[in-house]
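Below, chain A partners chain B and then partners chain C, in two separate complexes.
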Partner chain A sequence: MQKEELIQNVGETPVAPAAKRSDSIHDDTTAKIFIASSVSYFVIVGLVALIIAAKFSMPSFLGSVQYLTYGRMRPLHVNGMLFGWLLAADMGLMFYVVPRLCGVKLWSEKLGIATGILWNAIILGAVVSLVMGWNQGLEYAELPTLLDVGVVVAWIMFGANIFGTIATRKYNAMYVSLWYAMGTILWTAFVYLTGNFATLFTTGVNQANLNWMYVHNAVGLIFTPVGLAIAYYFIPRVSNNPLYSHKLSMIGFWSLAFVYVWTGAHHMLHGPISQWLQTITIVFSVMLLIPVWAAVYNFISTMRGQWHQLRENVSLKFLMSGVVFYLLTCFQGPMHSLRAVNAIVSKTDWIPGHAHMAVLGAFSFFAIAGTYHVVPLIFKTKLYSEALANWSFWLFLIGGLGFFVTLWLGGFWQGWQWNNPAIPFIDTVVALKPVWHVRLGSGFLMFGGIITFAYNILATILGPKGEEMEANVAVA
Partner chain B sequence: MTDYTYPSVYFAYFFFFIVFSGAAFFFFKTYKQGYFGKDSEEAKHRMLDDEMGGDYGRKQK
Partner chain C sequence: MLHKADYSAPFFVAAALTLFFIGGILTTVVPPLIDASWAKPFENSDPTKGVTGKLVQLNETEQKGRKIYIREGCWYCHTQQIRTILADTKRYGWRGVDAPISTPDEFVYDAPHLFGTKRTGPDLARVGGKYNEQWHKAHFRNPADLVPGSIMPPFPWIADNPEEFKALVAYMQTLGRAKNWRPDNDYEK
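Up next is the complex of A and B:
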């Protein structure tokens, strides 16, 4: 078959026949360590999230135990979800994706394993320090300095391995996921150093401004690029259908690179920062629609003629739902940066609704999809239960929607009340009680999703493998 | 605590400068390397071969 013919037919027929799993040149030990540990942390931190949600409905719940108070549980939840679950899962998936896109083995499996051990030590240290109340008091930058240094060292080790693999690649032209992987490593280095070290040496409004640049870029320049790297790899891979346009994906990448870093100050609108800075952040926030639409249009067009696959394929369900949530959350972001909207929703429950849709609805959905796809491959087995995987999807989707929608609406309601000086503040708190009850109910559903996902993955990891599995199938 | 606001803010400006100039440099480099040209779509077909490593899929064809 001629190459051109193959390319034309590539959407209808599998590009490559299924390879025997034993043919893989990849070791994948590092990916296994990161993925297995991140899924375990997802369960633990999910339980912490449920406790926090319960405290909104029942403020005295576990309030007499100092280690379980809101002030200690909330940073544990945030850091645990960001670094224990999501970033670790993303790193594990990068350890799987990058060598395959480069056509070579991981540069150093030993270095990868050492990175995994260090990362787990950091997460366990974070759990102890945050429960004990050792906290720097800055949003997303709560970890003590010693652990921050550990994160920097682990990130250098991760970056060396990924760049080392890319440097030894077989092919000159790099697929877009590799660009996003490299961007993530470089941007994270700068963003993390600024947020966790530079902020310690500033005061007042400058500190708040730097801190919010870090908070927004933690999502925009860490989780967004690595999340898109995963989506750009797994949407074509799982649907066995080539990406709609590689050129468009590169336009999306470079527009994100130029635009995203300037947007963090939109959390400081109407605050004591200069007007020119507020205007700049609004302009760049609205310009975010360019990279977002470039990515979303590409993903949706890739699925043209392939939507029927959603019926059977759980990974695709997570991926495409994640794309929709990505579009929605990235529409919310620019709208939130407009002065008129910001005056209502800023500092309200709308913000956690928006942040959860980005981190859970979009990027965690991408990571879950990737995990469902790669775990059976790297452990040389089959997924433990397709039915359970479907359950996890619906629990996440319904719970997530309940959570996001309730907090957006509740946030608007809260903002309108705060803007009315005739309403005492305590009345605005009492008025939000129904919203927080729905939030708790949605939390139970999402936690159900976490449990079913984690059980399915861990049962797959611990279940029969290779010849043992084939023998079981033959007996059956 | 000593206030290092100015050095820290300048660090942030330096960060912006590095990110912007790095992005500009590599953008023009990729433009020269043909990532926006007519042959830029090859990578998206090749990535579908790579699940099991190397050029396994291409050999099968």
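Up next is the complex of A and C:
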């Protein structure tokens, strides 16, 4: 019955297992550019991440070089992972997914290639600016205005291409992933303009409020919807299984569209910002549970009776652990926004634990799964090594869990100590040193995951291709 | 009703943007119109109404110091806000006097704002006057020498650059001074 409802609702959208492969109409050059560059940045920025983690264990490590100081490496890490790796990988996957859901070629492959070149230029400009310390002083919006303008142009090019493809689509009904792709493009445009341009005309608390609207929604209305677009496409696709419920995906999408944008000010709880705004933001933060649980329930139910597939399918492993991390991180979020909990965990090491579970555990896992699935298809070959892919999964999972869990425990303990003013601050620093050592160790494991992932993708791209291979892939 | 969005892209765009703009405008454009303290610089000369003081703008040197603070990413490790949490007012107090809670009207001239999100090091909202120049010099050269166990990175290129060092310390000494809270106003020079 569920299946019938689905087919009825999504019309001829090719998400059902019966859908034929019609890859031949797709060129995929743009997808290739974005995916290949994002994976390269993942490696480079992963190295920066290790340097930062090492600085917590050994503060003087690379400490006498101005350009490698913590305060410059950290924004390089954050911006590099968000825009160099994750967003580029997500865009690459959208360039793959959207034409297939529309049953037509990408609107303009030339425009797509130009977007890819511009994006790479922006990332290289960002690396130079951040290392030089040309920092605007606003989180997630560190880059100089010139580069911000470049991002806006690239985003318009990306949006025109995706909307152009959707406008010329052959299938009338738009599958969930298409809504999320379109939502991402529209909301990101305004969220980005708020965070990078409106802030230039404001000061103090007013500016901070806009800054947090942007920071919060960079995750909530950029990485969440595009991540969900990927999950909604690849979970049914990889498991050869129809999506459980169209209605549930509607509830999830439209509640996300309404609720997320209200919650930016929860980054200032207990801080110098109007109490009533804090209360509004708390109420809406708790409501975030609705879109999250709707999506997660849908994904889990889609897998009903199919869990055995996890054993041999690496992409599914990444996808479903990503779903679990998504559930957890989005349970933490609303809880942090409760005043009593916030008074303990806010500003502590708990927060990077939480943030990494969202950006690495959930959304990067989705992007990695998509990349593993898509790269062999667009390069018309087979994945270089399934065994190596499996290794990368376990390295990411164990490293990630080690990182998240120790930072939560450490952060909670830190917050507890801070709330006792009799404990000198420096004692709370020294108390956390074991936590930071474990974090560094976990960092090495995660970096191992990155290396095995990137090597596998590189070897697949450079490896043998051909008709024979194609035939094999079609079965897999 | 929203089923229409499954088939019509223009309808979808209109619905997605409408829902977004309701919350977007109500939480970003409207609040500063309602709460005047976001834009009115702090000033109070009446002790019966609470702590007295006046917010003044940074001079050129202090402004330069603030730019160095931004360039070096000090704000990734230090917040600048005494929150409405008892332990914050006690911990960042001075000689038994509690630090006053930070209010929006103390930050009207801040662009970019430096409230911060992470306390790898202590809050600096009221650090002005706590240490003298000599202390800062030793601290920037290698924090762990002065505070054993510190993980604050060394900044020798600031300690050894008299102009930058002077500017940064001048900025540090302005932090929290809008409110006259310190006993005898004993700001170190």
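FYI, the second predicted complex is superposed on the first by the 443 of 476 C-alpha atoms of A that agree within 3 Å, B and C clash if a C-alpha of one lies under 4 Å from a C-alpha of the other, contacts with A are read in each partner's own complex, and residues count from 1 in each chain.
Going forward, a contact is a pair of C-beta atoms (placed from the backbone, for glycine too) under 8 Å apart; a residue touches a chain by one contact, two chains touch by 3 or more.
All values reported here derive from a predicted model rather than from experimental measurement.
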- For the overlay on chain A, clash or fit between chain B and chain C? clash
- If you stack the two complexes on chain A, which partner ends up touching A:Arg100: first (chain B), second (chain C), both, or neither? first
- Task: Name the contact category of A:Met213: first (chain B only), second (chain C only), both, or neither.
- Result: both
- Query: Thinking of the overlay built on chain A, is A:Phe190 touched by chain B (first), by chain C (second), by both, or by neither?
  - Reply: both
- Task: Quick one: classify A:Val152 as touching chain B (first), chain C (second), both or neither.
- Result: neither
- First (chain B), second (chain C), both or neither touched by A:Ser60: second
- Which superposed partner A:Asn420 touches (first chain B, second chain C, both, neither): second
- Message: Quick one: is A:Met287 in contact with chain B, with chain C, with both, or with neither? Answer first, second, both or neither.
- Response: neither
- Task: Tell me which partner A:Thr203 touches in the superposition: chain B (first), chain C (second), both or neither.
- Result: both
- For A:Ile166, select first, second, both or neither according to whether it touches chain B, chain C, the two together, or no partner. second
- Message: In the superposed model, which partner reaches more residues of chain A, chain B or chain C?
- Response: C
- Overlapping contact positions on chain A, where the chain C interface meets the chain B interface: 10, 173-174, 186-187, 190, 194, 198-199, 202-204, 206-207, 210, 213, 250, 254, 257-258, 261-262
- Note on the structure: Within their complex, chain B touches chain A through residues 1-5, 7-9, 11-12, 15-16, 18-20, 22-24, 27, 30, 33-36, 40-58, 60-61
- Item | Residues of chain C that touch chain A when the two form their complex | 2-3, 5-7, 9, 12-13, 15-17, 19-20, 22-24, 26-28, 31-32, 34-35, 37-39, 70-77, 79, 81, 83-85, 87-88, 90-91, 101-104, 106-122, 142-144, 147-157
- Item | Footprint of chain B on chain A - complex, ascending | 1, 6-7, 10, 15-17, 19, 21, 23-26, 99-101, 103-105, 170-171, 173-177, 186-187, 190, 194, 198-199, 201-204, 206-207, 210, 213, 233, 236-237, 240, 242-243, 245-247, 250-251, 254, 257-258, 261-262, 377
- Query: Inside the complex, what are the residues of chain A that reach chain C?
  - Reply: 9-10, 55-56, 59-60, 63-64, 66, 69-72, 74-75, 133-139, 163, 166-167, 172-174, 179, 182-183, 186-187, 190, 194, 198-199, 202-211, 213, 221, 250, 254, 257-262, 264-265, 267-268, 270-274, 277, 280-281, 284, 343, 347-348, 351-352, 418-421, 425-426, 429-430, 433, 436
